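Shared chain: subunit A. Partners: subunit B in the first complex, subunit C in the second.
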Partner chain A sequence: MSYSHRRDALRQGAIQVFTIGAILAMLWLVASLVRQRLEAMGINTGFAFLSHRAGYDLGESLIPYDGDSSYGRALLAGFSNTLKVALSSIFVALALGLIAAGAMLSGHASANRVARFYIRTVRNTPLLLQLFFWFGVFTISLPGIRERITLLPGVYLSNRGLNFPTPDATMWAFIAVTVVTLAATTVAHRHLRNRGKNTIVLRYIGWGVGLALVPLAATLDFAAFNMPEAGRFAIKGGGVLTPEFMTLFFGLSIYTGTYIAEVLRGAVQAVAEGQSEAAGALGLTRLQSFRLVVLPQATRIALPSTVSELLNLVKNSSLGVAVGYPDLVSAGNTAMNQTGQAIEMISIYMVAYVAINVVITKFSKMLEARYEW
Partner chain B sequence: MNGNPAARLPARLIAGLFGDSVRSIITVLMALLIIFVGPGLLNWLLLDATWSGSAEDCRANGGACWAFIGVKLNQIIFGAYPTPELWRPILFLALLVVIANYAYQRPRQIRNVIFALIGAMILGVVLMRGGVFGMTQVDNARWGGLPITMIVTLAGMGCAFPLGVLLMLGGASNNPGLRIPCRLYVDIVRGIPAITLVFMTFAIIPLLMPQGMMIDKLQRAALGLTFLTAAYVAEALRGALEALPAGQREASAALGLGYWRTQALIILPQVIANSMQPLANIAIAFVKNTSLLIIIGLFDLLGAARSSLFDGDWQGFYRELYLFVGFIYLVICLFLEAYVAKIETERRARIYR
Partner chain C sequence: MNKLSTTLAVLAAGIVGPVTAASADMVETVTERGELVCGVHTGLVGFGAPDESGEWQGLDPDYCRAVATAILGEPKVKWVPLSAQARFTSLQNGEIDMLAQNSTMTLARDASLGLTFPAFNFYDGQGLLIRSDLGVTESKELDGATVCIQQGTTSEYVIRNHFTDMGISFTPVVIESGTEFFSAFFSGRCDVITSDLSQLAIVRLTSEDPEAYMVLPDIIAKSPLGPVVRGDDKAFENVVKWTSYALLTAEELGVTQANVDEMKMQDNADLQKFLGATPGVGELIGLGDDWVYNVISNVGNYSEIFDRNVGAGSPLALPRGQNALWSDGGLMYSPLF
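Take a look at the complex of A and B:
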């Protein structure tokens, strides 16, 4: 090493030590300033508040929660609501994206125009505005309980949300047995077939169980459901999707659908034209070439961007706070206002959303590996 | 697919609509859509609509109540700004329209446009605040509507861009003491919802200020959006930076240029030019994100518009309101889209002449 090189290395080392020192000093300064200020304001620090009584209600929750529960439980309930709305919207957003992308790729002029209109208008207006619009639809435009709309027997739509019958315990048991049997026979069937074994017996068992379930299902009547009962001021019994949930569900699905449509369209168009021409030369029909040649390659291209759009959907579900849906951020903000512990609260948000990020990214990496060629 | 160009128009039309089974199904679906949705929508939007009059007229006609927009126009666009002083925000918006027109006419004069926008923003703040040149002072708690959306967008994007450039350079640095914090910042901020960052600046910045000094709500909110957007800018630029051939840096080192001159003269101009499209998307996202200000109680365009719904006489006309406001956002965002598309075509034409 020559002298000048050694001098450069020394200089670089000095700069590195200096920057690291400067950043640490700055962080320490900020932290001590904040601590001082918080002490002066009489605000506690640390996460002890999580076990204190929350004392506020959330409109809905997947886990048991009431005002006497702790702040920690309120956040958990909020997180369950975030997952509920995000997971249900993801499927509809994907479906809408597929339909719109299909319409744009169909070569059908008017379908193309309708899809593009949907994408341009929805993408270029704030999601929050769309959520306010849907909130109006579900709370102002829908009729009250007395003039409720009956979609199916037991399924009511009103400004209190969508009420529907839920299966009772026997019904759940019946559904569980059906699902487990069918899944088990399918898995066993596939397993044996892949090994070249004879599967005829298994198939008979599958059919037999399936047929046996039909008369059983006939003996169960509507009594096996918890039916919603409309009172004068409220609908009791059964399940309900609240207007807040529906607002967020519609808003997120429709908004994210436009982004997914663009990703999918781009991916299909990115598969080189030569691929489908070659498939045609091999004698595949247009549908076959799309299904067997273009789609697998396009899926591979589209996966990373699709996943990042779905992550955006999860993040955007925090806008539920604006329409009163008790998601994580909404539940957390009430806690933040009551305790003043903003820093702790925000670090909880970060951990929660980064955790979702990590899980979904891992999942997509697994999928990507399956589509590797 | 489109058949013989010599074929008669009806034949081509029929082939286009019913060429194969998929086409026919789509055509039927489209026809059903038009038949079932079209007339109702047309009636509501135009034929049964009320263009002027009172809320009672609207309810009697049953269609859209555009009269509501007419009556509340000032409140929707300018919020609670005092009516006799409205010429000030109007002048500001007019100035922006003039700049937008100039920008679109001359897609190569980006630098002039940036200077004009900075000037317009400062002038806009002076106009809105008043207190000089004999204008009465208007406290910014009374500012509202579209001018706030525009000021926050201009100031926020204006700060987020240089901050994003620094973050990108830091993230590409050889110095781990600089690289790691920059990358960590970009990744964390991109991973959390925008609204949590706005809340954070809202709650934490006052704690960092010296006693007795306060940053007002509007500035804190704009700062939150700035911190958010800087991370996205850094990420967009990083993509273009990685695509840049190493020879560029090597050639500049061979010319004897130092680090800052290499970045400023060689790297950044190319990186920025190559990431116009993602930067435009970030700007569009910023305009849309200004609507988050409503959640912390500020009256941006969406917030001011929503407050007009609280008038007891005019309750329930939310559809008209959100369609109208959505249309304003749409115009702004589509303009940005078109402007960047024009810059891009212009640039391509210059490069591949």
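Take a look at the complex of A and C:
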């Protein structure tokens, strides 16, 4: 390394250190000024409240929570609900986007028209309005518990949500054993095959275990589900998707699906015509040319925009507060209201959403790297 | 480096500045601005809702008018409708001068938010509204019920304590938007909504079929409502406090919007001082001596405010009950002027 190069590197480093230092100093200055000011106004500051008793309940939670838990746990419970609705909506939004993009590219006039109608109406109305619409659908248009709709035995739809049976402990154990066994043999099988080893023994073992599970399954009491049962006020037992969850889930996935559809359509159309023509000239069929030539290139184009739509979906899940879904913001707003510590709460929201989105971005970077050539 | 510290200082001032400005002398600020900025309900008939001309009407807005008149001599108010969730933050950061939005006084709100509740303008209680056809007569029978709760209100923890004390369970649905809160109940998403009794009475009366709904007899918590101000301006706090007392004292003395001119001329030392014919009532709280006179002639006394907004003179026709004067067996009591 020459002298001037070293000097440049040194200067670059110094600038970076100085910039980061200045930003940190500014943040510290602002934080201490705000703190001073709040204390002068008699407003509590700090994060000590996180360990205090919350005293309010949440309608649903993925982790054990009740009103005797701390504010910190209430936020964690809210965060679990945010993850639940965001992740499930991401999958459905991607699926909807894929279907709608496929319909537009298929060349079928009616499929094209349906997809365009879906995109035009849903993309051009505000999400909050759509959430109110779905909330109306799930609360006003569905009947009460007593007049509930029975979709399947044990599966009920009412204005209290969608109730369904859940497997009990033994069922779960059985499912877990089956899944683990299948996964383990598949992985081992692939591993050995890739090394060119003989896999016949393993295949026999896999079949053997699979066959052994059949009589075991027969001895299990398959009626041993936790069945939902209608009480006076609520349907108890089994699992439930609440109207609030379904509102947010439908709203977010259907809304984001339109954007993803447009991104995917644009990406496929952005792949130069010559590529599929060349593939055709090489003797590939239309399907092969799409799968092997167009799709890999389109995926690469679509990834960054798709990921930003997914990041938007995660952030939009905070609109759940308007329809009573106990997400992070809803749980936090109550805490904010009871403790008055708005600045602390807002910074917790920021950290939480940044954390989710950093994970999604990292994941997409990994995918992008796979499509790099 | 010097430039940097200047930049930092300017940035910091930009962030902290608005907060600092809020702690100025409010009486002076309101006088200079020529209007009081008052936070009110987004829409609760009787307690704060816009009329056809966009003016806010109700018990709380009338308290805004009374305070504005005490300072300015005329009821000039800028209305800022606020949700239950946003109201205290708006007051804390100086967006509004005073909050009059059905706010219950609690220890935490009074002691840790940097706010203070100078007076009460309505003694309420928290209750439960249910559909009559549930066949429930008291809250004990509500085991397993779904309860809709409005976010940012004291009812969020009151309801939990009530159900826990009775040893029964419930599922909460906490909704921020006022409209969605009520529609969730009327659509049957919840078996119960909980809120202040006055509010439940209003919701029931303004529903399509009031007979289909009933308020349970259980009063699960006290709910003293009143205007709220920031805690760092004693002078302004006093103005709000004594304006409230003036409305009560006026009722006690029989001074009304209609007879205030006549009463001021009467040969009665208490009345003359109270209404500013003789000096003494203004100086101590930094106002003119005619401030009480102005308030009553513009807004009326407490019973007039009560009657036209929520009482006999309104469609709601709520009884005075515990909001009667102490001399009539109620809780409304004013110290001496």
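Methods note: the second predicted complex is superposed on the first by the 332 of 373 C-alpha atoms of A that agree within 3 Å, B and C clash if a C-alpha of one lies under 4 Å from a C-alpha of the other, contacts with A are read in each partner's own complex, and residues count from 1 in each chain.
Everything that follows uses one rule, which is that a contact is a pair of C-beta atoms (placed from the backbone, for glycine too) under 8 Å apart; a residue touches a chain by one contact, two chains touch by 3 or more.
Owing to the predicted nature of the structure, the values given are computational and were not obtained by experimental measurement.
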(message) Quick one: is A:T125 in contact with subunit B, with subunit C, with both, or with neither? Answer first, second, both or neither.
(response) first
(message) For A:A270, using the defined touch cut-off, is the partner it touches subunit B, subunit C, both, or neither? Pick first, second, both or neither.
(response) neither
(message) With both complexes overlaid on chain A, does A:N357 touch subunit B (first), subunit C (second), both or neither?
(response) first
(message) Just checking: does A:L62 make contact with subunit B only, subunit C only, both, or neither of them? Give me first, second, both or neither.
(response) neither
(message) Touch test for A:A25: subunit B only (first), subunit C only (second), both, or neither?
(response) second
(message) By the touch definition at the top of the document, which applies to A:N333: first (subunit B), second (subunit C), both, or neither?
(response) both
(message) Per the contact definition in the header, classify A:L282: touching subunit B only (first), subunit C only (second), both, or neither.
(response) neither
(request) Could you tell me if A:V177 is touching subunit B, subunit C, both of them or neither one (first, second, both, neither)? (result) neither
(message) Under the stated touch criterion, which partner chain does A:A48 make contact with: subunit B (first), subunit C (second), both, or neither?
(response) neither
(request) Check subunit A for residues that touch subunit B in one structure and subunit C in the other, and list them. (result) 30, 33-34, 37-38, 132, 136, 140, 321-322, 333, 336, 342
(message) Could you list, by residue number, the parts of subunit A that touch subunit B in their complex?
(response) 12, 15-17, 19-20, 23, 30, 33-34, 37-38, 103, 106-111, 114, 120-121, 123-130, 132-133, 136, 140-141, 311, 315-319, 321-322, 329, 333, 336, 342-343, 346, 349-350, 353-354, 357
(request) Using the touch definition up top, name the residues of subunit B that touch subunit A in the complex. (result) 1, 16-17, 22-23, 26-27, 29-30, 33, 174-178, 181, 188, 191-196, 199-200, 203-204, 207-208, 284, 288-292, 294-295, 302, 306, 316, 318-319, 322, 325-326, 329-330, 333-334, 337
(request) Using the touch rule from the top, collect the residues of subunit A that touch subunit C in their complex. (result) 22, 25-26, 29-30, 33-34, 37-38, 40-44, 55-59, 67, 132, 135-136, 139-140, 144, 159-160, 231-234, 236, 243-244, 321-324, 326, 330, 333-334, 336-340, 342
(request) Over in the complex, which subunit C residues touch subunit A? Could you list them? (result) 4, 8, 11-12, 15-16, 19-20, 23, 84-85, 88-89, 92, 108-109, 112-114, 142-146, 148, 151-152, 156-157, 160-161, 164, 170-177, 180, 183-184, 187-189, 191, 230-232
